[in-house]
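Okay, so chain A shows up in both of these, paired with chain B first and chain C after.
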Partner chain A sequence: MRVLTAIIAIAVGILILLGYFFTQAEVVQAVLLDWAIILAGTATLIGIFNLITVHADKIRRREKDGVYSAILIIGLVGAFFFGIVLKPQSSFLQSVLLEGIIIPVEASLMGLLAVSLLYAAVRLMRRRADMMSIIFILTAALIFLGSVTLPFGEMPLIGTLIRPWVSQIWAVGGARGILIGVGLGALMTGLRVLFGIDRPYGGK
Partner chain B sequence: MIPLSALILAIFLLGVITIWKRRSPGTLRQIPAFTRLARTIGLSIEDGKRLHIALGHGGLFDARGGSALAGLALLRKIAERTSVSDMPSVATAGDPTLGLLTQDTLQAGYQAADVGEAYVHTMGRITGLTPFSYSAGTMHIPQNENVSTNILLGHLGPETALLVEASDRAGTTLIGATDDLAGQSILFAGSQEPLIGEELFAAGAYLNAEPAHLASLTVQDLFRWLIILALLAGSAAKFLGVF
Partner chain C sequence: MAFSLDLVTGALGFLFTVLILSYLIGDNPLFKIAVYLFVGVASGYTAAVVFWQVLYPKLFLPTVLILQTGDFMRGVLLVVPWLGFAFILMKISPRLAGIARITMAFLVGAGAAVTIAGALTGTIIPQMIATIDFFDPSLAAARNISAFEVLGNGTILLVGVVTTLAYFHFGARQKPDGSPKRFAPIDLLSWIGRIFIGITLGVIFAGVYAAALSAMIERINFLINFLTSLLGMS
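And then the complex of A and B:
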C-alpha cells in the first residue's frame, strides 16, 4: 500500500511538472490540479474538525485557559450557522463578523506586533552581543531615523543619503541573495519529494 | 528552454552526486542552530518536556510549499526520535493540507519507531487558517503545554513576532527558520541561534545525513556558484557594452 502511494504521488508530481514545460501535458495537469483543489477543500473541513477536537479536549480536561477554547468553538459554530442561514455574502455577516470582529482583532494583533518587534530588537543585545547583532541594531536604527517624519522634513544626511543607500543597495542585494538561496533550497526539496527520497505522505 | 535545462541538470546532478555520496559521504559544515537542535531533542526526552514544531501557514499549492515540505522532513525525524518520550512532540500548521500531512508525518515517524499505537491525532494540529489566527492559536502552546523548545520551520511572516514573544515569555529555547524575509529578520532578532536563507532546507540533512540529502546540498552549492558566475558575467558584459 505504501509503495502504491509513493508510485501515485511520484507519477502525479511528474505529470504536473511536465504540464509547465509541454503544452500536451497541460490538460492532464489542469485535471489533476482540479482534483487537488477539491481535496484541499475537504482538507479544510477535516482541519476544522481537528481544531474543534483539540479545543473540546481542552474544555473537557478543564485545562488552563479553557475558556478561550469555549469562545473559539462558540464563535466557530456561530459563524458557520449564520453563514449557512444568511449566506456568506450577506451584508449583516460582512459588517458584524468581518468588519466588526475579524478585521479589528487582526489590526490589534498587528499593533501588538510592532511592540513585540521593538522588544525583540532590544533583547537581541542581551541574548547575542556579537558583531552581527550590533550591525543589525545599527542598521534598524538608521532606517528608523531616516524614515521618521519630522516637523522640518527629512533628517539631513541620514534621510536623504544613508537610508536610501542602505535600503536600496545593501538590503535589496542581501534580500535577493537570500531569495536565490531559498529558491534553490525549495527546488532541491521539491525534487527530493518528487523522487520519493522525502515522503511527507507517510510510510516507514 | 532555460528552466527545463536547469531542471534536467539538477536531476542529473542529484542522481550522480547521490551515488558519489554513498561511496564517500563527506561532512557538513557546523551550523550552531542544528547542533543545538540535536542536543535539545535529547534533553527534552530526559527532562520529560515536549518539543513544539510550528510548520507555518505555507500551502502546498503555491511557491511556499517548499518550506512546508522542508519542515515536514524535519518533523519526521523529530517524531521518530521523540516517540519514546513521555511527553510527545506537538506540531502545528496553519494550512489544511499541511495540517493533514503533519498528522500523517507524525504517525509515520511513530510507526517507523515501532510505537505506532502511541500516536494520538491531536499531536498534529491546525491552529488557524490565516497568518494571525494561526499565530494566535499557537501562542498558548509554549506556556501551557510543558514545552522545552519551540522549532519554527516553514512559511512564517511578520506574525512570527507573536510566537517569538510567547516563546520568550515561557522561557523556552527557540530555533527558527522561514522563507519569508520579514519573518527571517524577526527570527534573527528573537531566536537563540538564527538560521538564514536556504539553511531552512538543510534541516533534514543535518538531523539525518542520508546520501541524497547531502547530494541535494551539494547541488544547491553548485547552482549557487553557477548563478554567481552568471551574475558576474552579465555585469561584465553590461560594463563592456556587449548588451
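And then the complex of A and C:
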C-alpha cells in the first residue's frame, strides 16, 4: 500500500506539473485537476461528517458543553437540509443564512478583533519590550498617525511624506522578502512530496 | 417596516451581532451559542454548496446522463472519481480507513503540483521581477520618479528583500539553547532583516486594526439603524 500510494502521488503530481510547461499535457492536467476537485469536495463532506460525529459523541457522553454541540448539529443539519432542498443560491437561503447569520457573525467577530488586537499590543509591550516589538509598535503608531484625518487635513510630514515612504518602500521590502520566503518554502514542500521524501498521506 | 424577509434578515443580523458583541463583557453562554450556531450553519451551507456546485454537476449528473444514453465510453473518465469517492468514504469506518490513503495520495500529489506551479508563477517570479523593475530607468521615468529617488528607495527595498530572506535562512543549525546558529555575515544580514520584518508587521497590524475598527463601527451603525427603523424613528 505504501509503494502504491507513493506512486500515485508522484505520478499525479508530475502529470499535472507537465501541463504547466507543455501544451500537449494540458488535456491530461485538466482531467486530473477535475478529478482532484471532485475528490476534494468529497473530502470536505467527510470532514463535515467528522464534525457531526465529534459533537454527537460529546452529547452522548453528556459533556459540560454538550448543549452547544446540540446547537451546532441542529444548525448544521438545518442549513444542509434547506441548502439541498432550496439550492444555495435561493434568495431565501441567501437572506436568512448568509445575510442574517454568516455575514453579521463574521463582521462582528472582525469588530471584536479591534479590541483583541489593542489588548495584544499592550501585552506585547509589557511582556517583551525588545527591539523588534518597539519597531513594530512605533511603525503601527506612525501609520495610524499618518492615516488619521484631522480637521485641518492630513498630519503634516507624517501623513504626506513619512507614512507613504515607510509603507510603500520599507514595508514592501520586508513583505517581498517574507512572500519570497513563503514561496520558497511552499516550493520545497511540494518538491519533497513529488520526490517521495514527505508522504503526508500515510507511510514513512 | 413591513413584516418581510428583509425584517427577518435584519432581526437575525441584529440578534447575532448583539450575541457576538456580548463577548466584550467576557466569555458568556450567549457568545458561545452564536459561535456554535455559526460554525454549524456555515458547515451545513458549505456542504450544500459542495454538493450543488461540485459533486452534482461533475459526478452525479454526468453519471445519470451516461446511464440514460448508454454512452459507456464517456463513462471511463468517471471511473476514477467514483473509485476515489468510494475509497474516501471508507474513512468513516476506522477498519477500512487505510484504503482512503489512495485517494489522499491522489489529492496530495495534485496539491503538491499546484503548489509548486502557484509558488513559482504566482509568488517567487512576480515578486523578483517587481523588485528588479524598481531599478528600470524607463519605468521610473514613466512614473515621473527621479534617478536619485529610484536608486535610494530601490536600494532600501532590495536590502529589505535580501535581509528578510536571510532572517528566514533555511539552512541554519540549532544552538544548544534553541536559537539558530548562522554564518557571521548571514547573522548580520538577518539582524537587519529583523528591522524590516518589524516594520512590515507594524504596517500590516495597522491595516488590520483599521479594518477591524471599520467593521466595529459598521456593526454599531447597523444596530442603531435597525433599532431606529424598527421603532419608526427614521
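Brief remarks on what is shown
One rule holds in what follows: the second predicted complex is superposed on the first by the 203 of 204 C-alpha atoms of A that agree within 3 Å, B and C clash if a C-alpha of one lies under 4 Å from a C-alpha of the other, contacts with A are read in each partner's own complex, and residues count from 1 in each chain.
In this text, contacts are C-beta pairs under 8 Å (C-beta built on N, C-alpha and C of every residue); 3 or more make two chains touch, one makes a residue touch a chain.
These figures come from a predicted structure and were not determined experimentally.
When the two complexes are overlaid on their common chain A, residue A:R127 makes contact with chain B while staying clear of chain C. Set against each other, chain B and chain C differ in how many residues of chain A they touch, and the higher count belongs to C.
Judged by the touch definition given at the top, the superposed model places A:V182 against both chain B and chain C.
In the superposition on chain A, A:Y119 makes contact with chain B only, while chain C stays out of contact range. Residue contacts after overlaying the shared chain place A:I197 against chain B, while chain C stays out of touching range.
When the shared chain is aligned, chain B and chain C each come close enough to touch A:L109. Once chain A of one complex is fitted onto chain A of the other, the partner contacts of A:R61 are absent, as it touches neither chain B nor chain C. Comparing the two interfaces of chain A, the one with chain B and the one with chain C have residues 17, 20, 33, 36-37, 39-40, 43-44, 46, 48, 51, 65, 68, 105, 109-110, 112-113, 117, 121, 136, 175, 177-182, 184-191, 193, 199-203 in common.
Across the interface of their complex, chain C is touched by residues 1, 4-6, 8-17, 20, 31-46, 48-49, 51, 65, 68-69, 71-84, 87-88, 91-93, 95-105, 107-115, 117-118, 121, 131-140, 142-144, 147, 165-167, 169-191, 193-194, 199-203 of chain A.
Interface of chain A with chain B (complex): residues 17, 20-21, 33, 36-37, 39-40, 43-44, 46-48, 50-51, 53-54, 57, 63-65, 68, 105-106, 109-110, 112-113, 116-117, 119-121, 123-124, 127-128, 136, 175, 177-182, 184-193, 195, 197-204. Of all the residues in chain B, the ones that touch chain A in their complex are 3-4, 7, 10-11, 14, 59, 61, 63, 65-67, 69-70, 72-73, 76, 96-97, 99-101, 103-105, 107-108, 111-112, 121-122, 124-127, 129-130, 132, 135-137, 140, 144, 158-159, 161-162, 164-165, 168, 179, 181, 184, 186, 188-190, 192, 196-198, 200-202, 204, 210, 212-213, 216-217, 219-220, 223-224, 227. Considering their complex, residues 5-6, 8-9, 11-14, 16-17, 20-21, 23-24, 32-55, 58-59, 77, 80-81, 84-85, 88-89, 91-92, 98, 101-124, 127-128, 130-131, 153, 156-165, 167-168, 170, 193-213, 215-220, 222 of chain C touch chain A.
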